[in-house]
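Supplied in structure tokens, the structure appears directly below.
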Amino acid sequence: VDLDALEAAARGLLTENAWGYYSSGADDELTLAENVVAWRRVRLRPRVLRDVSVIDTSTSVLGIPVRLPVLVAPSAYQRMAHDDGERATARGAAAAGTVMCAATLATVSLEDVAAAAPDAPRWMQVYVSRDRGVTAEMVRRAAAAGYSALIFTVDLPVLGNRRADERNAFALPAGRLMANFGAAHPSVEGGSALAEHVRTDLDPALTYDDIGWLREVSGLPVLVKGVLRGDDARACVDAGAAGVVVSNHGGRQLDTAVATADVLAEVVDAVAGDVEVLVDGGVRRGTDVVKALALGARAVLVGRPVLWGLAVGGDKGVAEMFEVLRDELARAMALCGVRTVGEISRDLLAR
Amino acid sequence: VDLDALEAAARGLLTENAWGYYSSGADDELTLAENVVAWRRVRLRPRVLRDVSVIDTSTSVLGIPVRLPVLVAPSAYQRMAHDDGERATARGAAAAGTVMCAATLATVSLEDVAAAAPDAPRWMQVYVSRDRGVTAEMVRRAAAAGYSALIFTVDLPVLGNRRADERNAFALPAGRLMANFGAAHPSVEGGSALAEHVRTDLDPALTYDDIGWLREVSGLPVLVKGVLRGDDARACVDAGAAGVVVSNHGGRQLDTAVATADVLAEVVDAVAGDVEVLVDGGVRRGTDVVKALALGARAVLVGRPVLWGLAVGGDKGVAEMFEVLRDELARAMALCGVRTVGEISRDLLAR
Amino acid sequence: VDLDALEAAARGLLTENAWGYYSSGADDELTLAENVVAWRRVRLRPRVLRDVSVIDTSTSVLGIPVRLPVLVAPSAYQRMAHDDGERATARGAAAAGTVMCAATLATVSLEDVAAAAPDAPRWMQVYVSRDRGVTAEMVRRAAAAGYSALIFTVDLPVLGNRRADERNAFALPAGRLMANFGAAHPSVEGGSALAEHVRTDLDPALTYDDIGWLREVSGLPVLVKGVLRGDDARACVDAGAAGVVVSNHGGRQLDTAVATADVLAEVVDAVAGDVEVLVDGGVRRGTDVVKALALGARAVLVGRPVLWGLAVGGDKGVAEMFEVLRDELARAMALCGVRTVGEISRDLLAR
Amino acid sequence: VDLDALEAAARGLLTENAWGYYSSGADDELTLAENVVAWRRVRLRPRVLRDVSVIDTSTSVLGIPVRLPVLVAPSAYQRMAHDDGERATARGAAAAGTVMCAATLATVSLEDVAAAAPDAPRWMQVYVSRDRGVTAEMVRRAAAAGYSALIFTVDLPVLGNRRADERNAFALPAGRLMANFGAAHPSVEGGSALAEHVRTDLDPALTYDDIGWLREVSGLPVLVKGVLRGDDARACVDAGAAGVVVSNHGGRQLDTAVATADVLAEVVDAVAGDVEVLVDGGVRRGTDVVKALALGARAVLVGRPVLWGLAVGGDKGVAEMFEVLRDELARAMALCGVRTVGEISRDLLAR
């Protein structure tokens, strides 16, 4: 009935290797914990005696209509959670009426993800390779397969220190590939196979110019994910970004980085309405969604909760997770005295 | 000897279904906990060397003399706590010299509540039904039965997510009715029967105009309960409210809503003395009462403590609970150097 | 070797009745805990490269030279801790070179306390009785017995709600009397015998005029103990007090009253050097003493630590407790770069 | 793989006497804990889309090139951790490309430390003896043995109250000497042998003039270690110090002294670039190093982590500990969007 229960159920179903990969954060996991706490710390000032007989949770993101302002955050290796992997997630997102983000490091190819829910909106997350040709080809394939935007992840020039993965010598299970490249992970002795992949294949030399490059080679609008500062957000906009995603990669990259709830307002103010601002990290309740929108986000993304739903019930589990969040959001809106997401404003927050 | 002990005793006497219903809050119960903590966090600056040989805890609320500035908060289904239910509460409140608030969802009819303590002051709490005729009839019956004011609850357009009730599939025990309507709850498969009732019967389209409507159909002054903002309080006054009750419904509706102790001063300042301001939520000690009055409340309401007293000792238990609070209040006043509730001022609070 | 260890040792030696009486606070014991924490929370900014080869912890209080700025706080019923009771405390204080405060509710008469350490400085704590003749006689006896000041306790117009004493039905053990009056406590059925004594015998109608009255009948300077506000402290001075003691009665009277460390500066600033300011409550370390003096106190009083020393070793235990505190104070002063108590200033404190 | 794991491994290898000596702090160990927490509390605001393909952690300290801005803090008695003691630490520091600080209370003579890594940079920590001739001789020997600076420790005019050492009756194991003097510790009955040594041999009368004296007798630049205030830092500079080390002696001297992370900026601002500012205390992560440099430190020193590495693996353990910190620092820099230590600025920190 809520995401806590879903998490507990998922934990019982996943291998140590997969659970460790999905749940862990960097170093001492302080930002991982702070992401959740930062939303809870924000206090709501509900309004009363507004007619809330009809609550409308729908909105649009980059012009795409969605039934609720909650999207699928890109996450890798979803066939570790469920045999159908990203296919099921795409179908679940479609059923929920929201946007699927496919990951570069998916275990189902982007074309197969598209085929799983051909009419539903989808975005493609991008890690840029040292070999730019590899990335150019992938984003062109994404455009061809009907992805309508790129999510350009910029907070992973190197991999964060995820102790669980080091301890578990994290590796993809037998038969799971990086499906967008038809390739297995580099094999490593001990340590994390992903860490090795990032070290050898991903490009640590990215700059703001790569926003334009991605737009050009793909013909798609580019959202920049991993921004935690107003000035960086402004620079993204100036470089042609179609939006920014305030994110610290779910606490998995730089530990003690600011919680996203704590910097969202700064980013929103810096961007000044020129592009849409999304946010992820620690969203677990409908009230968290209200707070994110009150701070100025257009929508939020959820990552781990999608994986919990996927692990527990495949596409139906994903759809049900979104249904829970939508119910909670509608209830929170009614209790705050707002009927539409457009009525959610910063004035709902204490201090 | 104090309310903690009373709570522990009550817990041992109640069924899981009843205890879960009375004690639980919404979602993660953060506001439930914060309500109590917010009072405790306020620090007192007592005055010394005032003659406190005579302490007078009496005051008046809406012109009604009371022996202490603590009233019965409306709460539903009191026959789950004790066979005499709301009858006993009315007699206990009368013995304590304070105001009884009967609830719309009482398990004893408002006329029987009135008959239980005919000479004592009583108010009627109102949930407005989708069928306005139902509510109009109820408030006219209340006026006829000698209720002198309405408490119009405005923070329940939908029901909060009370996980205990969902888990327990909360239902009224056999033989317990919504006595004001002579009706049983709608029956539900699993889940909370109350949630179903709210969904189907209560009106989520209330506005400030309903304050005037209630006053008109009943001829009674209307206090608006569930206000957490200065601007809303002002709007209530402008719409003809006779008072406001700062309340988050005991943490049972919108989780992470502000604690009442934290917004009381804002509401008091916004109302600027035009009407009386009451407050509930987390009051457990005489010192809490002093703090509420120091922040500008005319009086406080207590809900769960009444139910604990009721469960433990029927009308005598309720009266004794008030006696404990009155002793604690008198002691706290003496130790603060104030003799009358009128001498309690904001200057007693640190910061 | 430090006061924590002493407390643990004492606990093992005392009856439940005595331990409960000495250790408990009022209500939820929040101020009791906060007193200790408030000192710890203050951060020191030590100075370096001062010649601290000679550290002098001595000072004077009301003109009386003391070896350290730590005095015996008045506490009742010391023969519950050790058969020699207040006699031993007086001898221990004398050995330590500091001032003994005898209590109105002592289990050894003030004359016998004086006789135990005839040459040492001593003050008399005063609870004023409803029968003023009783008090007038006691303070005149004190003057005759060489007490050089009165400590007028003003924060006990009624007794705080000490749950341990109610639970234990606190009573003086057989053979222990209120020795200053040669009287046993009023006997009570259940509940605290002290609570009954306060209710029936002590005067709740004290005012600032009583400062002058006490000075007049005794001929002694009067320190007012139990002040927690600047304006009250000022009023004491204007009424002729020779000093004020910032105190919340060790957290035993008004729960959630401000911690003494948190209001000391306000009182010091209000008094503006016109009289000396003392403080008690939660002092357990030499660094706490440095902080109190840095905030402007002339000296601190310790209550429970004296009783721990007394319980463990009689007069020697008391003297040793002071020796530990003096060693800690000297070390803290050296590490702060100050040689004399006069060099301790507010500049040593962070923020 | 990180310092937590190294600490746990070391703990399993050390005697109670040695572990107690290395790990303990003064009194209630509040500053010991706060040192670590204060770094963690600082939140990072990483920059994105900077080319971080090449990360350079190297810098210089007092003109000495180092591979990372992390140096060996002086610590005593290293042969308690490993038979090779300070020799191994010197070799480990040399392998890591950083500066070794030898301690006055070393268990290997300063000449033998120098001989262990003759080409590597080394500094000599100085406790000044009451017999100034002893110190003059030691610092001249240090100059002769190629030490290029003195670290003048000024926060130990007396020894902090380290309860573990008192409890363990701390003493050097048989065969371990204060090797710089070829002397055993004074023998004591119970209590700490170090406490006795400090009391009898070290000079508590140091002043700012001793900075010049040390420089004169040694011909070496003098860094003053143990400064926690801007005004003291300024005074050190005015007295001819070549640098200051913000330190509270690892929480081992004055408990409740400010955490070093909390006062670093004040000291940096007071010194205003005239000399270099170093800092130690609680640094356990690469992110902590980034924060220290962002606040204006030239470099940090680590004490306990060196001992953990030494205990676990001798010189290789020390080198590996530095390698872990350098990897973490490089990762943190990349994730913050900075390529060189010169690019680390206060703007990376929240608030």
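Per-chain numbering from 1; labels A, B, C and D assigned in written order.
Heads up, the rule we're going with is that a contact is a pair of C-beta atoms (placed from the backbone, for glycine too) under 8 Å apart; a residue touches a chain by one contact, two chains touch by 3 or more.
As the structure is a prediction and not an experimental result, all values here were calculated from the model.
Counting only chains that touch, the fewest steps needed to get from chain B to chain D is 2. Among the other chains, D has the CA centre that is most remote from the centre of chain B. Centre-to-centre, using mean CA coordinates, chain A is 43 Å away from chain D.
Averaged C-alpha coordinates give centres for chain A and chain C that are 60 Å from one another.
Residue positions of chain B touching 2 or more other chains: there are none. Residues of chain B touching chain C in their complex: 1-2, 40, 42-53, 285, 287, 328, 331-332, 334-336, 350. Considering their complex, residues 27-28, 30, 154-155, 157-158, 160-161, 163, 166, 203-208, 210-211, 224, 226-229, 232, 235-236, 253-259, 262-263 of chain C touch chain B.
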